[in-house]
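The structures come next, written out as structure tokens.
After this come two complexes, each holding subunit A, first together with subunit B and then together with subunit C.
== the complex of A and B ==
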């Protein structure tokens, strides 16, 4: 009787454990344990004594994290937390919008594959290299953008964007748009190619014009992929590091400091590991919010 | 079929046995000598040649100047040597976990001296090696419990403003001897057609901008002031320091200095005569098209310039400690030092190396430095280190484009200065 029950249990769970066990073990050892340890570290001091929320208070009261004294109309620095928020506010609509626009425009264009490949190059460029390119792209002597600005008479923008607090953050965000737009464009293109043509033909028979077709057929069909793009882009914006590290190292005067770079500087320059862990925990919480929203949206879409 | 299979097996085994003998591993190169003795007997003597890994910060032209020393060492000592590039900032992050695992990425590593002292438990004691040469050196390492773990190599200095002699001749310009002459020179350069700004400001992550500020501090506050700043005895908001910034440096920023430009790119722009002067360390002599056309002057009245050396150490976990010691001994010997000095871009740290061995630009610099009261004032941000170092660079970059924020900058430097 008991043997039969064990066999049934084994049949039911044996295969499940055999397939998921190794992956779960790896996740537990390589992701969950370090994450738990990092969170625990954020509540201790250098000697390992529990200090409650002191590290969080220290990090959040640091003007490098949150500093609204010069918030618009004053130029940055506004603190890494605000910079990350600005990054999301500007970068997200620009990359999603541009990606969608390019995908729609190139859907039936001649040579679309070649153009898409060129745009997608930004995605395969290592971000460390991307940071160097961005620095030169906005450089007074070598950069195309300052040269363009001078050519159209905007001399105030004809200087090195990354050298000035007013323009450095914007330069990095625009550089990141260039590097990241390929991602949304490719996902949108892939989804567009799977929308049945019959829908459009039927809509055309009913007298719908291109704009109506786009609004009532294309956009609703793109909703699930948009959720993926938005979630991935916000995560990218929250964890942005290498681009900033190579282009400006958070400067000038902290005008481009972001959370991930701040965490790195706390950990490896100041050797203040509890404070670094506090920033890491804040970042984890923020990404968790995005992750939960993503999972819920995908579930409800299903 | 089975027979064919059984014929293949011995053949494969035979080939397999031959392959290792024909292909020495890249780590250990085996030299085989066949010695014939009077009696008809053949003896095989196998000598293992260690492959040493040397890690240093020099890349590009600087690496090209260092490689001949390694080649000479290879020939003289019969070693295999490979060179890998790692900046000290990167090594500071890479080495600690490696040391914890009792591993080392290199056998001879160039690093900051203070860092080696702090990590002496992972370094080989070089006291015996150093004592043989100590008397010949201008710089002395700081012992830890009477033992030496790092030895100095060649000198770098940040001597002042570089100019092209041909450019100065063409426009009838002279290196200044007073502050007023310096300002007049900047005005003259600014008036030359095609000149964007008299001085191009180098940038990277910010250190070249910081170097200029340090040069002003030493020129107008003296070498002792720099030492006091490093020790935390003087604050940046001190009226003395503020006056140097406010009265000497800040008035020049918008008018005579360019915005910070990537320093390697700045070399080309300056060499193409879009700018007249360029502040940089003496490694510049190896990075321009014609080093013989180089001239340099410090700010008038300067009694010291920032200078230092790269420090070599051997990690305890090196597999070839004795060979690594031989290599260091060669590099700091007169022969090794002369060889490095001949390549240019660095100055010998030995007193017994004659200025004649240098290429012309470096020789002129060596002779000029001989007249400077203190040619090796410690670098401010290197000496303080940590997070403050990058903060200093960043705040100087901010000051360059927003001189009106001087007081904010100075306050921030004080606020973040590490507690001593």
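== the complex of A and C ==
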């Protein structure tokens, strides 16, 4: 009896480890272990002595990370942490709102599949190319937007947006809206197509107009997918790197510096590993808050 | 405004949005396809229109950062970086669904949470590890890193996918004496081909589009992948837009092709794990 139970127990563990072993080993060796090493690194100095929170204090008091002296009437740089926050504040409502609007519009428009594919193209584009396109779009000579601004008399905006601190961050954020809106649009479209038609018919019979139908039927059905979109979008905004790397490399004068790029430049150009580790740990803390919120919301929804 | 007027307005707005979204792509296409002399007043001037492949040839055979070599290198990295996490992730996903051990659920949650971690969090230790293993400038190192970082999503996605398969088939097979691995290989995998296609389409694109991991692991000029060559083509002071946009289009080609060919699977992969 007992021997049978132990044998079953061992067989079950054996099967679990045989199937998950290679994957768990890679995850442990190439994600978890180096991440823990980075945490350890963020608490030490260059020689490896424990310094407590000094690296974090140093990084957070550095104007490259946090500098509100000119905020907001003055132009950036406001520091990478603030730039990431501004990115979220502008990009999140714009992409989520535009994605929803486009999904609702394209439910009824002709040729919707083609328009959908066009808008989704930004999601397929490598972000390193996305950065080239954003730079091209806002270039004084080659770009269509500055030319358009000159044509309507806004000469101040008729120069390369990415070359001036006043406009560079805004140009990158607008470019990232263009690239990312396909994500929320596709997810909203998929959800909209699963709402049963008879809900709307029943509501219409009861005398509900299109706006009321949208408010009482469409919006509540979109709540779970909105959680997914918001979480994934914030994570994307926090991790933004490639786009900035090709478009401006954080410039001009740090006006588009973001946390992920700051970490890379600290580590691989300045060789300031403890400071780089502190920036990385800070960034991961922010992403984990979003991740935990997401997991909790999804679980309570089930 | 009548019903027809509303309909017309809706279509106009939708097509207007499509137009706005495609303009940047048309811009780089025009810049890559036409000779510089035609573009002085902007790519949107069409008083003369000549198609020339010169920019594409220049990008493909560029003296310091040839995109042709980059695309070949990217293919060498991306194909194993798709197959390996797919197979290992499928195996793990199956066990996470079917084999009950006490730590299974918290472990699964931990793996899901790892999806939130930015790659910068491992950059320095990963560089040191690969240097100590002699794997800097070797695709094996990059492939293993891509595999590890793809696994959390692949496991989450495929576990969800496997859970939609009817368990009766597996039960019948085990009555006939099939082992767990045989069931996995002969029944679960063939039944899951659409799910595997979705995971492959997305992972292929993500690995191809990756820049950061290649940036910290590959330095040899001959071994740089395609995305790494784009910033090198930008030039310090003067931007040669013709070459740069042509190189960009060539680099986008593969993920766009994957999307065009596997669109259904691609989109299902993106939404499949969010909606049940």
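Just so we're on the same page, the second predicted complex is superposed on the first by the 284 of 302 C-alpha atoms of A that agree within 3 Å, B and C clash if a C-alpha of one lies under 4 Å from a C-alpha of the other, contacts with A are read in each partner's own complex, and residues count from 1 in each chain.
In the analysis below, a contact is a pair of C-beta atoms (placed from the backbone, for glycine too) under 8 Å apart; a residue touches a chain by one contact, two chains touch by 3 or more.
Note that the structure is predicted; figures quoted are calculated from it, not measured.
For the composite obtained by overlaying on subunit A, subunit B and subunit C cannot both be accommodated without a clash. Measured by the number of subunit A residues touched, the leading partner among subunit B and subunit C is C. Judged by the touch definition given at the top, the superposed model places A:270 against subunit B, while subunit C stays out of reach. By the touch criterion defined above, A:228 lies against subunit C but remains apart from subunit B after alignment on the C-alpha atoms of chain A. When the shared chain is aligned, subunit B comes close enough to touch A:159, but subunit C does not. In the superposition on chain A, A:253 makes contact with subunit B only, while subunit C stays out of contact range.
In the superposed pair of complexes, A:19 makes contact with subunit C only, with no contact to subunit B. In the superposed model, A:115 makes contact with subunit C only, not with subunit B. Of the two partner chains, subunit B is the only one touched by A:140; subunit C is not. When both complexes are aligned on chain A, the segment of subunit B among 259-267, 295-303 or 367-375 whose C-alpha atoms clash with subunit C is 259-267.
Overlap of the subunit B and subunit C interfaces on subunit A: residues 135-136, 139, 141-142, 268. Residue ranges of subunit A in contact with subunit B, taken from their complex: 135-136, 139-142, 159-160, 163-165, 249-255, 265-266, 268-272. Those residues of subunit B that touch subunit A in the shared complex are 92-93, 203, 205-206, 259-262, 265, 269, 386-387, 389-390, 393-395, 397-398, 400-402, 405, 409.
For subunit A in complex with subunit C, the residues that touch the partner chain are 12-13, 15-16, 18-20, 22-24, 26-27, 29-35, 37-38, 41, 102, 105-106, 108-112, 114-115, 117-122, 124-129, 132-133, 135-137, 139, 141-144, 147, 178, 181, 183, 186-187, 190-191, 194, 224-225, 228, 235, 238-239, 241-242, 245-246, 259-260, 263-264, 267-268, 273, 276-277, 279-281, 283-284, 287-288, 290-292, 294-295.
Note for the complex: subunit C touches subunit A at residues 7, 10-11, 13-15, 17-18, 21-25, 27-28, 31, 39, 42-44, 88-89, 91-92, 94-96, 99-101, 104, 109, 111-126, 129, 144-145, 147-149, 151-152, 155, 180-181, 184, 205, 208-209, 211-212, 215-216, 227, 230-231, 234, 239, 241, 244-245, 248, 251-252, 255-256, 258-259, 263, 267, 270-271, 274-275.
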